[in-house]
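For clarity, chains are labelled A, B, C, D and E in written order, and residue numbers in each chain start from 1.
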Amino acid sequence: MIKFIIRRLIQTIPVLIGVSIVVFGLMFLIPGDPAQIIAGESASQQQIEQMRERLGLNDPIPVQYWNFISNAVQGDLGSSIRSGRDVTSEIMLRFWTTVELALYSTILSVFLGLIAGVISATRHNTYIDSGIMLVALLGLSMPNFWLGLMLIKYFAVDFGMFSASGWGEFRQMVLPVITLGTSGAAVIARMTRSSMLEVIGQDYIRTARAKGVKEQIVIYRHALKNALIPVVTVVGLSFGSLLGGTVITEQVFAINGMGRLMIDAILARDFPIVQGTVLVVSLLFVLVNLLVDIAYRMLNKRIDLD
Amino acid sequence: AGNDTNESEDSTAGEEGTAGGTLIINQSSDAVSLDPHGSNDTPSSNVAYNIYEALVVQDQELNLLPGLATEWTQDEEDPTRWEFQLREGVTFHDGSDFNAEVVKANIDRILDEDVASPRSFLYDMIVEINVIDDYTVEFITEYPYAPLAANLAHNGGGMISKELIEADYAAMEEGREPGAVINEGPIGTGYFKFENWNPGQEINLTRNEDYWGENAKLDGVTFRVVSEPGTRLANLQTGDAHISHPIIPSDVGQVEAIDNLEVTRTPSVSLSYFGFNVEKEPFNDVKVRQAVSMAINKDDIINGVYDGAGIPAIGPLAPAVFGYSENAEPIPYDVDRAKELLAEAGYEDGFTTTLWTNDSPERTNAAVAVQAQLAEIGITVNIEVLEWGAYLEQTSNGEHDMFILGWSTVTGDGDYGMYALFHSSQHGTPGNRTFIDNAELDDLLDQARRSSDEQERLDLYEQAQEILIEEAPMLYIHHQEFLLGYRSEVQGLVQTPTDILKLNEVTIQ
Amino acid sequence: MKKELLKVENLKQYFPIKGGLLGRTVNHVKAVDDISFTIYEGETVSIVGESGCGKSTTGRAILRLDEPTAGKVEFDGEDLLSLNKSEMRKKRKDLQIIFQDPYASINPRQTVRQVLEEAMIIQKVLPKDKRGDRIRELMATVGLGAHQIDRFPHEFSGGQRQRVGIARALTVDPKLIICDEAVSALDVSIQAQVINLLKRLQREFQLTYLFISHDLGVVRHISDRVIVMYLGRIVEIADKKSLFTNPQHPYTKALLSAIPSTDPEKKKDRIILQGDVPSPINPPTGCRFHTRCPFATEKCKTDTPELRTTDFMKEGHQSACHYMEEIKAGTREPNYV
Amino acid sequence: MSTNSETILDVRNLQTSFFTSELEVKAVDGVSFKVPKGKTIGIVGESGSGKSITSLSILRLIQNPGKVVGGEVLFNGENILEKSEAQMRKIRGNDISMIFQEPMTSLNPVYTVGQQIGEAFQIHEKLGKKEAIKKSIDMLKLVGIPSPEKRVHQYPFELSGGMRQRVMIAMALACNPKLLIADEPTTALDVTIQAQILELMKDLQDRLGMSIIMITHDLGVVAETCDYVAVMYCGKVVEYASVKDLFNNPRHPYTVGLLNSLPRHDEDVEGELEIIPGSVPSPAEMPTGCRFAPRCAYASDICKELPQLEEDENGNQIRCWIYSEEWDGDPEVNVYEKRTT
Amino acid sequence: MSQEVNTPSTSSPPPVNPRLESWKTFFKKLRKNKAAMFGGILILFFIIVAIIGPYITPYSPNQVNYSMKLAPPSADHWFGTDHHGRDIFSRIIHGMKITLSIGFVSVFASAIIGTIIGIISGYYGKRTDAIIMRIMDVLLAFPGILLALAIVSVLGPSIENVIIAVAIFSIPVFARIVRGSTLSVRKLEYIDAVKALGASDFRIIFKHILPNVTSPLIVQTTLSIATAILTASGLSFIGLGAQPPSPEWGAMLSDGRSYLYQAGHVALFPGMMIVIVVLAFNIFGDGLRDALDPKMKA
């Protein structure tokens, strides 16, 4: 297993290189010139030329890529075209906020999703089941901006219980975490339910019952563990995507996270920041998926990853 | 509580507020750079305005007033020579003195190709800066350039401590980006000092106790980034912020309905327009352009899309801008005539065209409104939304048929308001995306910027506007009103037509 | 005259045991540890032995369901382990297995019809229009009714499922069938039917069986030769008669004495094996049976006995015990405590 | 049947059906038998005759679409079928436990065998995790699994068929149940281990007075362990007798057929094994009368009616017209004569 | 040995097509599932509305009327009007087709591709798995907007291209889910059993592994429809997908964002419709799952 982990960590290198090449390629493929975006609606040709020169944008693309990658290997991701700030520090400034936000939201969605899914499965085809699934689907179909703004309206403005913006204090964290956790919870609930339904009819569940095991324990220990594989997958996926893409929630709650940094950078064609954030997010993704694979093995020893 | 257009100005004269407190302003986006030479966006300007001062200041009506320069003259003999007398006894936040060397260092920096300032176009007619004495500085321009003082009033002309500039150059030697050092600790002469900046989140300023003029009343200002309009509003309601800059038109009614919130409406120097690509069919035919212009009911658009926040535009210049002509005759709203014109141009059955817009909801909405109105005269418009970067590039390449953009005459001078947009030398990226090429117009614009006679300039601009209305390279939609939401306890707030908040008189009750 | 159909040489199958949180391989289960035997065409060879001694593993290894750790498996003169995937796939028509656990080895989402039809499709044994009849025929053959044809596995009783497994193996007309406890879940009357059927098929089509079973009655009835395994090794191999009437290895003797009798009155003198049952994880040195053997000596602890034959054994009867002669002669007393 | 000894389980006219899409499958159709305290009763019979379903019904573990549709199951005089789920839980695993027929699928693939055996201790004896594992090791040792300290941490798929089965046995015996239902507990075991396991059960029975229902096809096992035997055919008990009587004097034609089919291990029999001709009727074609009649060599007209389970003076029961007054066939018929083994 | 046993059963039932038969039972089970029928009928209804709806709406979907701007629901405008005074009800009906096709096509395309990738990855394991999954990691971690921008710039703006973009985003999601479940079934004994029959990998994958991963697959597919619609609306802002004034629901929903407080109905109705559509697919998916599960009561 240690070998496996090490091997996986080594595999991240080609992943990162792949990501950076694709990002680089795409950034040049898509129209839009950072110099022009910085200048806005008006900028003389000469001025743009100067800026491109300064930014090294006139070098051949392979040269640019080489410059980037050789610096990156030394831990230098360059500096932002727009603000001139160091990319690493721009990312670190937001890194933990994003990780926290993703983590708390995932915890919330796992907690809610599992409970709802299990209850639904055990009450298959009852009103409780339908009710829970209806709520889950509402949660899923609700766009984040809508949910976020509604939460703000009621819980921040009308009741004054929580803050509408920012990150750090408990008051500020509640609403965004709920906003982000809801759709995840819905997916997890649905996944858990269907997966549980597969498992509940198995012989070993009958065996557990025959032992006199309490129904709760039958469900939560014997059935759930068997049902978790697809659930763990979606948890990993949603956690991963939260790390990379919480833009809307970040915007609604004025949270200074990596999602917005990345999107703003893409829109401003701020290559170094885009590269930096994408690399960090990919790294996180690979790690999360590594954890997911380890979780698979923990859940089912028959799954052989080596 | 509702506030009318001009009340904000009056509130300056309102009851004296108690000094102190920190004002929290929610902005829609973060400053890009606090190097005044290194950015070109409103949030940056708004913060920088409080830290740096320029040689010249504009007041509410965009009149030029002494700033760091106490007086200035354009040489009558040689209109390319300007002399500025500097204010004495001004120190930077780092304690260094403000003098002629500083001015030279600043302007040189803006024009330095290595720095590649996005503001350089404001000053690129300056060929030489001479330090006459400690407090006198001389500018030599390439050609006579009347609006120089107005350009120097622009925030891009904010004066940075010379030591800081040198430190920044030193850092550039080490491979850092220009402006990196300035950004980390901006030093100007303004009534607020930079305290800290948490990029993407907030910028804090504190009062400069050693200000040469009257000290600001607030202890400090915080500029926060809250990009979601609904959240800005919520923060305003809960008191987490004092000012929402801006609020969206559709929220005005709601803000006005809340007891302790107020709205100000400030007429702006900006223009929103639909440009035609005059090099492409069918818009190479002036009749078509006129027909389209006639088919549009601007009031409908202003009310429908902008919730009434703005006035219909006749030509490119807003009333507050120097050079605005009151005599210019607008193209009337006349659908029948529009159809005739189309028929004359050979399009009696109309035609199909595309209209580009970038991903701003307001522009998209305007596009929809225009689309509906043009359908009346048989023109089928397909709207295509483009992402900003692509939009800028593709419109400057002339790949479009029709497009929507805006223009803000930040210097308040007709030169800024028209030269880049319409001079044939400015095709593409510099601003002329309609690709209009009219020798007479070029001539007028050239003359107007060179003349040092105000009246002559006004006449020239009036002629230019007449041509522009007649030629209709673009459909001038409206001059926007800036909408600001604030809490009633904020007093003495001033917003300029260039979207700058002046905070020196502001108090919190 | 006898054609070698299957030849297993020095087959080994070790499973890693993973331990600790991170699942390192801490040890190996030596499930099958160096066994060799030959099966001739048209005969039935049974493997009997202690549970867990590696019978099923042997079967699986022959079919390459688990890749063996070492050894050689020759089928019809061809080395199975050297075949590539698609060659092996074709070979599988000739080599079938009836799994020990009938339920786990049938896809719970397939009806019996689908299970059987699939086997035919895979090996293209019959044209489409003939398959339905053949399926019903097979069902009847194993004693299932036509009404059960569209049922899912969970709708069957244990014995019925096992019959589905048998039918599946028969579908493709194989040459060799490995029957892993193929009839253990059947009631005796059905069992009799199935055994009769297997024998009849053998007669008619020269079928060959590797029959793994605990039921020595069945083994005695069906086999030609019997292999006795103990802890991953073969301890005795002989033709049926010789084995049942003249067992040599102490383990074989113990095994035979433990067969329950259908006569409730008959009291039996069983050889009760002493000592802890050793495990294939750390198999005993020397003779693997020595920890429980009543005749064991120091020599048994160190020297591994080879399969050999003695003059009082029939030809082809081999056993792996150091003391066959002495025990036979009665010079070696069991040391029961 | 000895009426004087105490009865721990009394199954009366138990009926269990599966409601499949087409029709009702009457898997158990009026089964009755008694289990005396401390005794072992064997259930043998046709594969698919409802033995497993009967035992599952007793524990109330029948799953959808199956349902117990009638009858009573009296455990210590109380009808189990009327108990609440909570009461049922106390009974399961503690008072009545069961060894399932399918050891692979009946074990949870994601827990080690130790965890699964230990759970019974944790629930019913309230032991801690560590102690439970310790006791599981003891149990594994008891059922003859080598190096139990290692095996206890293995997963079901890592065990051989016989080991899995022994794990099931260990699990069922963990809490010393009053009644053990063993559904083919030794099919996957070699005879030495089988002997050991049967010994173990006997021992527990002697020490704790445990009663056993032994479902098996191995008539040898029946002969060795059971006191009474019930023979089932098509969801019904056709014969119930003490083990001696059954083997020495089988009365039902089906029982005789069964005994005849047995392969011999003590002598070589050439040729084919004897079988019962014909096959089990499908539920749709289920005879209304005696269910064995279509395959029965003696069947006569009266067999078109359903015979009742009649008890004789020894307590043995038989469901066959031959032994009744109304018998209309050959009056001289002697079923036993047909016995060949 | 008595021959009766071995001859084919005398009462041989009439020949039936087995595949047809299993479909029949499948449909029978599906039909009996009330919820599934309800979901199915709803979906059918939506499809019908999408086809004939546009001919019977009370207003033209793009009829701008600023005097009726943001009117609340009334007898004239059942769902009220939007910020251009357009009738929301008519717009929803007109937008049905485009919205459904975006949601449906993109999800199905990605589900199919993702499933194949995931099964192959999980089934073959080892190297294959490592390579495929790392590629999926790249795709997952990759900012979607960048990909979308690239697609517009290369392929140009169109509905088809937004479908392609959304499909590409969701491929790795399906791939990972399917792979996870594949890992847990590939070692089961019945897989060995068909292997022993000589089944090709192709058959094992599609006949034996696929049916066992359908349950998470169905869930993810039905859920993704919602996400796809919402994602597509996000992409319309950078020029991918439905361009204004197209009444695509996601775009309508986003339009409502500015009027959430003073005219909630602008966002509410398209949002509600998305919920209903997603609900219908999910209910139907659940029924499908039940019908595919042999252990579920028919």
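We take it that a contact is a pair of C-beta atoms (placed from the backbone, for glycine too) under 8 Å apart; a residue touches a chain by one contact, two chains touch by 3 or more.
All values reported here derive from a predicted model rather than from experimental measurement.
Novice: Considering only chains that satisfy the touch condition with chain A, which of them also satisfy it with chain C?
Specialist: The shared contacts of chain A and chain C, listed by label, come to D, E.
Novice: Most contacts: which chain pair?
Specialist: Pair with the most C-beta pairs in contact: C-D.
Novice: Express in whole angstrom the distance between the two chain centres, defined as the mean CA positions of chain A and chain B.
Specialist: Between these chains, centre-to-centre, one finds 38 Å.
Novice: Can you give the whole-Å distance between the Cα centres of chain A and chain D?
Specialist: Once rounded, the distance between the two centres reads 55 Å.
Novice: Taking each chain's centre as the mean position of its Cα atoms, how many Å separate chain C from chain D?
Specialist: 26
Novice: Where the centres are mean C-alpha positions, what is the separation of chain B from chain E, in Å?
Specialist: So the centroids are 47 Å from each other.
Novice: Give the residues of chain E that touch two or more other chains, as numbers and ranges in rising order.
Specialist: 1, 5, 9, 11, 25, 149, 153, 187, 189, 257, 260-261, 295-296
Novice: Do you know which chain D residues sit against two or more other chains?
Specialist: Where chain D meets two or more other chains at a single residue, that happens at 20, 63-64, 102, 104-105, 157, 272, 275, 279, 285.
Novice: Which chain A residues touch at least two other chains?
Specialist: 30-31, 145, 149, 153, 201, 203, 300-302
Novice: Please output the residues of chain C touching chain D within their complex, sorted ascending.
Specialist: 15, 17, 19, 27, 29, 48-57, 100-101, 103-104, 140, 143, 145-148, 155-160, 163, 180-181, 184-193, 195-196, 199-200, 214-222, 240-241, 244, 254-255, 258-265, 270, 272-273, 276-282
Novice: Can you list the residues on chain E that touch chain C in the complex?
Specialist: 1, 5-9, 11-13, 15-16, 18, 21-22, 25, 188-190, 192-201, 203, 207-208, 211-212, 292, 294-295
Novice: If we count contacts the way the header does, which residues on chain B are in touch with chain E in the complex?
Specialist: Checking each residue of chain B against chain E gives 229-230, 233, 248, 250-251, 253-254, 300, 303-305, 359, 361, 364-365, 367-369, 371-373, 382-387, 390.
Novice: In their complex, what parts of chain A are in touch with chain D?
Specialist: 201-204, 206-215, 222, 225-226, 299-302
Novice: Touching residues of chain C toward chain E in the complex: what are they?
Specialist: 60, 63, 65, 85-86, 88-93, 95-97, 99, 101, 104-109, 111, 113-114, 117-119, 122-123, 132-133, 136-137, 139-141, 143, 145-147, 150, 152, 154, 165, 168, 172, 193, 196-197, 200
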